[in-house]
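Pasting the structures in now, so scroll down.
Look at the two complexes coming up: subunit A is in both, with subunit B in one and subunit C in the other.
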Partner chain A sequence: MDTKESTTYHAVLIAAAVIGTIIFYFIVSVIRQQRKHRLLYKAKIEAEITTLEKERARVAADLHDELGPTLSAVKFKLASIEKLNGEDAVTITKASHYIDTILHQVRNIANDLMPNTLLRKGPADAIEEFIDHMTVNSGLKISFRPENMPVIPQSHAIHVYRIIQEIIHNTVKHAGATKLKIELYAHKNKFIIATADDGKGFNYNTMIKEKNGLGLSNLRSRTEILSGELHVSSRPGKGTTFIIEIPIPG
Partner chain B sequence: MDTQVIIFSFSIFVGTIIGWLRFKKIEPAFLPFIICLTVASLNEVASLIMTTCQANTAFNNNIYVLLEALLITWQFKTWGLFNRHRHLYTFILSLLAISWIVENFMTHNIFSITFCFRTLYSFIIVLMSIHINNNLILTYRYSLLKSPVFLICTGFIIYFTYKILVEAFWFYGLNVSRDFRINVYSLLTWINLFVNLIYALALLWIPKKAQHITLS
Partner chain C sequence: MKTPYAPVKIILADDHEIFRDGFHSLLKNQTGIVLLAEAANGQQLVTLTAKHLPDVVLTDIKMPVMDGIEATRIITEKYPQVGIIALSMFNDDKLIIDMLEAGAKGYLIKNAHKTEIIDAINTVAQHNQYYCSATGIKLTQLIANSRFNPNDPNSKMIFSDKEKEVICLICQEFSNKEISLALHLSIRTIEGYRERILQKTNSRNTAGIVVYAIRNNIFIP
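Moving on, here comes the complex of A and B:
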């Protein structure tokens, strides 16, 4: 290379170094911004869902511990009223029957908000109870297999329960399926929730982009809180499969 | 051929080998990229053989750049870049194919090094990569450094930006000495080595297929 070419070559090298520095700085700043955005997003979702669950638990406890006993007391008082004639007896029996119905509904609502079984016996039993309830009401045939389930903290258990509740609700409401299979098991330090149905399926990406899938967003949010990964496989007419992999806390 | 250039160019084999070793365990969405690395590796072997036989490498390189452009565009399609604009995919493929045909058979010769197509497809790939990375910033919920898509697109941005720069110097540097052109080209070999290692890392980060469940 002559002197002129050598000067030009050095100019090229400087230009390449400048471009390299700009690209490097740009990539580093993008990664840092995304990390901030991700942490803020996770904290926001976690705060929202935790508040929601606490509120549900509070309302469920109020219904179960305060409204329930008060209604039982009303029913007891009603039964102790002196019946002057047959008409009174019929009215009191009817009122007592209404109170029974209200008590039953209060228990159902409280259980929907925060299942007692979940708190007392853990997610597998609570899910089984929910499945029994849904099978009777929807006609969907659900097979549930919890195998060598690891012990998970209560804070995780509620999310696992809600995830499965959401999947069952979605299958009943939208999938038009006749069968749903649910498996829970541990695999290589991960807790796996796997479900498959024979419903009409859907396009996952379209559903997320068009923001039609509120249930799907809930699944994603709860999976993110658990630092897990959600895999959805669905095609129109081919059913839907959900695989959720959650790291088992140390 | 300079030994350093050969060693740096053959670093593409690292990614290719990792890609095929992990292929059955990973999501099939990365197939076009793995095929692209394989084609690049084969092209490096072909170029080495041609150079050893003192034959012209322009022919195989011209075929390779067309395949690379089409495979990378296909890869962007599998990543969902054209989900909302399906006609854009056909348009880009047609544009690439037509410009390659025009340059290699009409304005120039397929046995000579061509520049316009190389600059055009590099530019298109950089734009597509920026678009995918922008989407990932908002939608990816894990560390971007662990996203194979982000790493591959970043590799594309770095490599093809420099490729545009170098092609421009080849284009305007036809009247300068051979040493000048080789020195400018050697810049790209360093970038090539760096980017090939990023591709290898990206292929290692591709998550394994999810657990499987069937109704039966």
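Moving on, here comes the complex of A and C:
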């Protein structure tokens, strides 16, 4: 190799190294950017959902703890009126019944927003309560086994509850199922939510693209917040199975 | 045990002034019941109970400073003769169980009817348990399976087969009319049975019968 050839060779080598470095740097920064974007997206969803849940809890607490006792007090005041003639007595009785109706509605609204039991007793009890409520109102037979349920941190509890609530709602609304089985258990260092119904099933990909797949995207967001994985297996006519794996925080 | 004619002395605890005011109005002209004092939280309740030694305490469950569950635990330990009634906004089943396990003798929903409130106060003053008439089937099961187990002097009662049949139907939320149709008996007869069952189980209402029946294996849900 003469001097000229050697110089060209070195120049090419340097140019290749420079281009390689630039390409490498470009790829790395794209990956980094993507990772950062995903983290930001997750943080954004988490912030949105956390705000939403906080607001729900506040409204529910106000309804339950402030409005409830005040309405009861009004009822007591009415009941304390004495020496009524027949017509007035009927009016008072009716007004009392109306207050009972309002209280009942307030209770339902508050409970839909944020179940008291979830805050006081944790997800297993709250899920049980929700299942009882849905069984009465929908006729769907739901079996729920929380026996080996691990302790779920408070930060995760609301999402676990909402995930199961969403699955039950979906099953009642769309699945046409008669039975739904729900299991919650710990496996290795993961917490598993597994459900199976005997309904008509659906096409996951079609559903997720359509607007009415809102329930499913809600499930995905919640799972993502918990850094979990969502597996759905559903085929028309074969029922639907959800498996959600959530890492147990150390 | 209280003498039948002495008024029942009570204390009310609730963090809502409006609720306490309403409750006060409700009982202000009620003979046989005297509202001695009102507390705004559990800690005040414990202090006022020590000071007045009432027959019955009616307390809210969720309160600031000290909740009703903790206050119930303290009062039950220090003054076991004081009967405690939990006041729940709605049927907060799990909270009611906590209260019963802490030592409460009964519970009422806050919008209970005046006659029921008076009935509950008098029942608990006589050291008997009281279950609110609005008790759902789920709660009766929770109570029957809870650690709440008051001494029931009538727990060794013997029931006829017919009575057991009626009890089981009551537990399944059958009305008197439905029971009479199911057993081919007149409504009058069923009413008689129900009355006798209430007496034998020492209950004030259906909820009491259901808890008794589940606890004594007469009815298995």
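The rule we apply is simple: the second predicted complex is superposed on the first by the 219 of 250 C-alpha atoms of A that agree within 3 Å, B and C clash if a C-alpha of one lies under 4 Å from a C-alpha of the other, contacts with A are read in each partner's own complex, and residues count from 1 in each chain.
Following the convention adopted for this analysis, a residue touches a chain if its C-beta (ideal position, glycine included) is under 8 Å from a C-beta of that chain, and two chains touch if they have at least 3 such contacts.
Not measured: the values here are computed from a predicted model.
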Of subunit B and subunit C, the chain that contacts the larger number of subunit A residues: B
Considering only touches as defined above, state whether A:I131 meets subunit B (first), subunit C (second), both or neither. neither
So, A:A15: does it touch subunit B (first), subunit C (second), both, or neither? first
Touching A:L113, do we find subunit B (first), subunit C (second), both, or neither? neither
What is the contact status of A:H64 with respect to subunit B (first) and subunit C (second): first, second, both, or neither? second
If we overlay the two complexes on their shared chain A, which of subunit B and subunit C does A:L219 touch? Say first, second, both or neither. neither
Can A:E229 be said to touch subunit B (first), subunit C (second), both, or neither? first
Kindly classify A:A196 by the partners it touches after superposition: subunit B alone (first), subunit C alone (second), both, or neither? first
So, does A:V172 touch the first partner subunit B, the second partner subunit C, both, or neither? neither
Residues of subunit A that lie at the interface with subunit B and also at the interface with subunit C: none
Which stretch or stretches of subunit A touch subunit B in the complex? 1-2, 5, 8-9, 12-13, 15-16, 19-20, 23, 27, 30-31, 33-35, 37-38, 41-42, 179, 181, 183, 187, 192, 194-198, 205, 209, 224, 229, 231, 233, 239, 241, 243, 245
Residues of subunit C touching subunit A in the complex: 14, 16, 18-19, 21-23, 25-26, 28-29, 60, 62, 89-90, 92-95, 110-111, 113-114, 138
For subunit B, which residues count as touching subunit A in their complex? 80, 83, 133, 136-138, 140-145, 154, 157-158, 161-162, 165, 169, 176-177, 179-180, 183-184, 187, 207, 210-215
Looking at the complex, which residues from subunit A come into contact with subunit C? 64-66, 68-77, 79-80, 82, 99-100, 103, 107, 116-117, 120-121, 125, 129, 132
